[in-house]
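Note that subunit A is present in both complexes that follow, paired respectively with subunit B and with subunit C.
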Partner chain A sequence: MKAILTREFKSYFRSPIGFVFLAAFFFYASLQFVFINLRGQMTLMKYFFENISMIFIFVIPILTMRTFAEERKSKTDQLLLTAPVKVTDIVLGKFFAAAGVLLLAVVATMFYVLVLNSYGEPVFSEIFIGYLGLFLMGTFFISLGMFLSSLTQSQVIAAVSTLVIVFFLWFSSSLSLNFAAMMSGVFHWLGVFLDWLVDFLAINNRFADFTLGVLNFVPVFYFVSLTALFLLLTVCVIEKRRWK
Partner chain B sequence: MKKNKKALRYSVNSSVIIVGAIIITLLLNAVLVTLNDRFSLEIDFTEDGIYELTDTTKELLDKLETDVEMIMFTNGTQTETVDMLKTVLSKYTQHSSKLSVREIDLVKSPSDVTAYKEVIEADKFTVGSLVLKSANKTEFVSSANFVTTDGYSNIERSVTSKLVNFVDGMSLSEITFTSGHGEEKASSTQTVLETDAYRIATLDTLTQDFPSDKNSLVIINAPQNDFSAEEIEKLDAYLDRGGNVMIAFDPLIETKLERLESYLQADWGIIRSNNIVVDQKQQITGTPYSILQFTDHDIVKPVKEESRYVVTSFSNSLEIAPEVPQSVTVKEVLTTTQDATETNIESLYGGVAMPDARVGKFNVMVAASRDNYIMEDNKTFTGHLVVCGSESMFNSVILESRFANEDVFLNAVNWMKGSDSGISVRIKRMPGGALTISQGHFWTWFVILVVAVPLGLLISGLVIWLKRRYK
Partner chain C sequence: MVEIKNLTKKYGDNLAVDNISFTVSKGEILGFLGPNGAGKSTTMNILTGYLSCTDGEVKIDGYDILDNPIESKKRIGYLPEHPPLYMDMTVAEYLDFVYELKGVKEDRAEHLGKIMEAVKITDVKDRLIANLSKGYKQRVGLAQAMVGNPEVLILDEPTVGLDPKQIIEIRDVIKKLGREHTVILSSHILQEVNAICERVIIINKGRLVASDTAENLGKSISNENKFQLRVSGDERSILDALEGISGIKYIKSLGRKEAGSIDFVIEAEPNVDVRTPIFNALAQNGLPILAMQAMDLSLEDIFLEVTQNSTDVNAVYENVSEDEIELVGSSKDAKEFEEVKAAEQAKEATVAEVAHPAEPAEAAEPAPVAEPAHKAQEEEGEE
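Right after this comes the complex of A and B.
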């Protein structure tokens, strides 16, 4: 796995993708920081985290679109699938490489905290929790993007489908759907389940706790378990292709 | 054939694994959410523990024996206040199984609110407001004051003070405002006290007796007319039996309150000067308010430690008599700086300079206590008296602003009544603080962070791409 991780991580920076990702992320993050915190003259980073997390909808697909789709299109996946390595190692290697790039981007923005510290008194523990939430949510999006990339050989389809699904997850809580009220009789319970599911999938509700400076183990488990689930699904898809 | 069989077996196995994993993930998350409703699965990293309940609230919840439903009104959108409210309410339900939370979405089910129209105060109803409901009691908690404009949270204080009414045998501590001497109404002070779980009563000192409970407190707010000898006697007897009195003078009235002031001087060693002190160097630009100086008195110690400001507009100065009765201890609480000047109403409005006007440090708030042994009870009672040179220190403008006047007022109440009387949950500082950055530094960081670094990264990417392309 280590060899795959290293190869994949380096590959992000052998092509412009890693730089484009970092530049886009850093540009948007800096813009938010400068206007929310410096212009707004406050050390509170809650609004920064809320806004910056939205950029994930657009930049995570850049990171994940090529993970499997590109290899499948250029047929290099045949080499990987016939190599004496476990599919789990391949998936985890690619996942940790993408997560590494994400971590690099997130850690780079921690410089903002130093800037805040020179002009005010930020509370580091609160801010750290925000960063933790940001990273956990990012890794979940990466695992989702990798799963979608494993289903297609088109990078564009992989990127667009990731963008659409992440966009839906992000804004599902704002839809104000009430299936339970819409469905009556035998379908009422289906409506209740659908309401629960929409609420369950509402990412920004889960992320809110982190921005408040509260480490809640429920959203931590939520992001970790969903990340693990999509990695497992990706393993199953690749494994199936290997059997074919 | 053998290969197909293996592939089929793999497909079946992987389908089972996928379905199983999805079900387990959903179930585990659902279980954790349910557990979190009853047990706290979170750690509050905020500076002031804004999402943690204070011991006062926990003790109150332990005594709660009635089922209370907390109905929260939302409108589907997430606001900071609603986010905070949900988190804080979850702490209540985690601590007491007698409490439950129900959310009414005003967008999805607007008609549901009509069931509570009797209890809801329409002018104070905003998104995030609550109705607390038990089998035979309902209380309304407005969200209007949940978060103050200067960054403090009142959520726990507001909810806990209303929950007191649902605890059997627990009654709110009473604070009495005197009447009959043209006293100011002090509605904002009363609101502060009600939010802090006190019941407000009125006392006509001429016809009624002072409270008998030694934990009671009587406030004489800006009297315009003097007290009678009989009233002074009643007041003295009340203080003799461990009563607590707060007097706030109106510095802009010309009438001298002879009996009341003589009583304060003779029995307590506190002299109200017939002047108005102005501390111009401490005046906040664009306001009539000057910043006051703290002493080491317990009333102001917490505010002093937080480096917050207490302000007043015009004030009478309060001097401590050279000879104070032996059983009395009197101390300064708030003062002006050494640069304050003395003036009077004639000088202020008529432009005639006050003769022999002094310059120096003046007391604006003093606190005294007096021990009195009562033989028939074989007990020593301690009466408390706090005197303010200006009732404006606790007017609505100051109490609702960013100053710490409200804290000082409540600290004074607690100092007199003793910390174990009444329910008192203080406001908590919201996360984050202010930042002071010059325009020049702002643009420097803008250029570095928004332009230079992303551009540098893009150029690096372009160079690598070009290198690889023309290799």
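Right after this comes the complex of A and C.
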């Protein structure tokens, strides 16, 4: 796993991909920091977190589109899959490499906290929890993107499908229309189910706890388990392909 | 060392590999021969654990590839049809990665240095793989398979895309490797298998159709008694002189190859030596024999023979690639093929004297089968 992790991490910075990701992330994060925290003159980072999580829609596909699609296209998957390593190790290696790049981006924005600290009195524990939430949400999107990348040989398809699904997940909280109230009779339970589904998918509702600086078990479990689920699905897709 | 039992692979309803069994012992170089689409690559992908078989079992050094993939994969070095190279890495970085990936225990610098030396890539080790020529990429691919000194090397068409000089070099490397390793090498180039391998397995349409040494294959398949003759004089009188010699099945004139002489292909009844009567008859008529040469069955003949016998030609037409149609199609009319073959061999006989003795593949060969080889050689560009 270590060999794959190291190679993947380095390869992000051998090509422009890693730099494009970091540049896009920093650009947007700085913009938000300047407008929300500096011009708004507040040490509360809630709105900063809420806003910058949106950039994930556009930058996460950059990180994940090539993970498996490119390997298959260039046939380098033959090297990995015939080497004495488990598929789980391959998937985890790639996941941690992408998560590492994400971590780099997230940690680097902590510079803003230092800026806030010199002009005000930020609450560090709340901010740290916000960062944790940001990172966990990002890793979930990475595992999702990797899963989609393992389904295709085309990086473009992998990127676009990741973008669309993350986009949908991110905005699905605005779909909360209270279906239960709209539907009556037999359909009432369908409405209840739809409400539950929308709330379940509405990733921002889970993320909200973090941005408020509250560390709850449920949202942490939500992100970690979904991440694990999609990594597992990725392993299954790759394992299953051999049997075709 | 490598045991394959009743290997079967289905892609949907399509039977890619059909009940193949063979074993390869330690230190043996096995040639795996078959037309395009015969199932060579599929078989190799199963051997290396990249694909799983539908039925049957593969054991590497006693370890089952499905039950104990890690242990068996440790013993395999694989060069797939397309070398699995990361274009954004330098050669040294790439081999370093493979070293780490395979978890090799040997001293890194020494081990990798030795491998790079063996396949002659030391001088390009700091260059990006993307910028290497096809020949060098192929060698890096071979180097990758050698990392970790695996006991079994599985090489899928290792010389494709190389120029003649490189082909000879790579063949030498493989031969050297064969002294300490078990090598399974696939190819659709018959000369290559002939030049490197001790034992040959021919598969066609997923089925194993022949398995023996190249020599034995020749003996068992045909006991044709054929040779080629070059006689000084005019065709009419030569044919007249040869008429009446008992045991000759047919005489075919190949026309003038050298000023003042005619070439013939003569086939005699099996186990009848007609050479002395021919000499006497021609000598009596004052027609000097300039050359007489037995025509041994080459691997090509064997190949065509077994692949033809093993399949219904019409069935082959239905679902094979164009290459194969060309191959099978050209061999359909065996008579016609013999002519081409004989003509080419006549050319070869003269060329062979001048040609470098170590370059069997580069001598003139019958057009239909050898074509991919020539094409591949032409394609090899400069770096």
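Please note the rule applied: the second predicted complex is superposed on the first by the 223 of 244 C-alpha atoms of A that agree within 3 Å, B and C clash if a C-alpha of one lies under 4 Å from a C-alpha of the other, contacts with A are read in each partner's own complex, and residues count from 1 in each chain.
The working rule: a contact is a pair of C-beta atoms (placed from the backbone, for glycine too) under 8 Å apart; a residue touches a chain by one contact, two chains touch by 3 or more.
Worth saying up front: this structure is predicted, and the values here are computed from it rather than measured.
In the superposed pair of complexes, A:Ala3 makes contact with subunit C only, with no contact to subunit B.
Legend: residue contacts after superposition of the two complexes on their common chain; A:Leu233 is shown touching subunit B, with no touch to subunit C.
In the superposed model, A:Pro84 makes contact with subunit C only, not with subunit B. Between subunit B and subunit C, B contacts the larger number of subunit A residues.
Judged by the touch definition given at the top, the superposed model places A:Arg14 against both subunit B and subunit C. Of the two partner chains placed by the overlay, only subunit B lies in contact with A:Phe26; subunit C stays clear of it. Once the two complexes are laid over each other on the shared chain, residue contacts for A:Thr76 go to subunit C alone; subunit B is not touched. Shared contact residues of subunit A with subunit B and subunit C: 14-15, 243-244. The residues of subunit A lying in touch with subunit C in their complex are 2-4, 6-7, 11, 14-15, 74-86, 242-244.
Against subunit A, in their complex, subunit C makes its touches with residues 11, 45, 48-52, 69-71, 73-74, 76, 78, 80, 82, 84-89, 97-98, 100-103, 144. Across the interface of their complex, subunit A is touched by residues 6-7, 10-11, 14, 17-18, 21-22, 25-26, 28-30, 32-33, 36, 41-47, 51, 76-78, 80, 83-84, 87, 105, 107-109, 430-437, 441-442, 445-446, 449-450, 453-455, 457-458, 460-462, 464-465, 468 of subunit B.
Of all residues in subunit A, those touching subunit B in their complex are 13-20, 22-24, 26-27, 30-31, 33-34, 37-39, 41-46, 112, 115-116, 119-123, 125-126, 128-129, 173-174, 176, 178, 181, 200, 204-205, 208-209, 212-218, 221-222, 225-226, 228-229, 232-233, 236, 239-240, 243-244.
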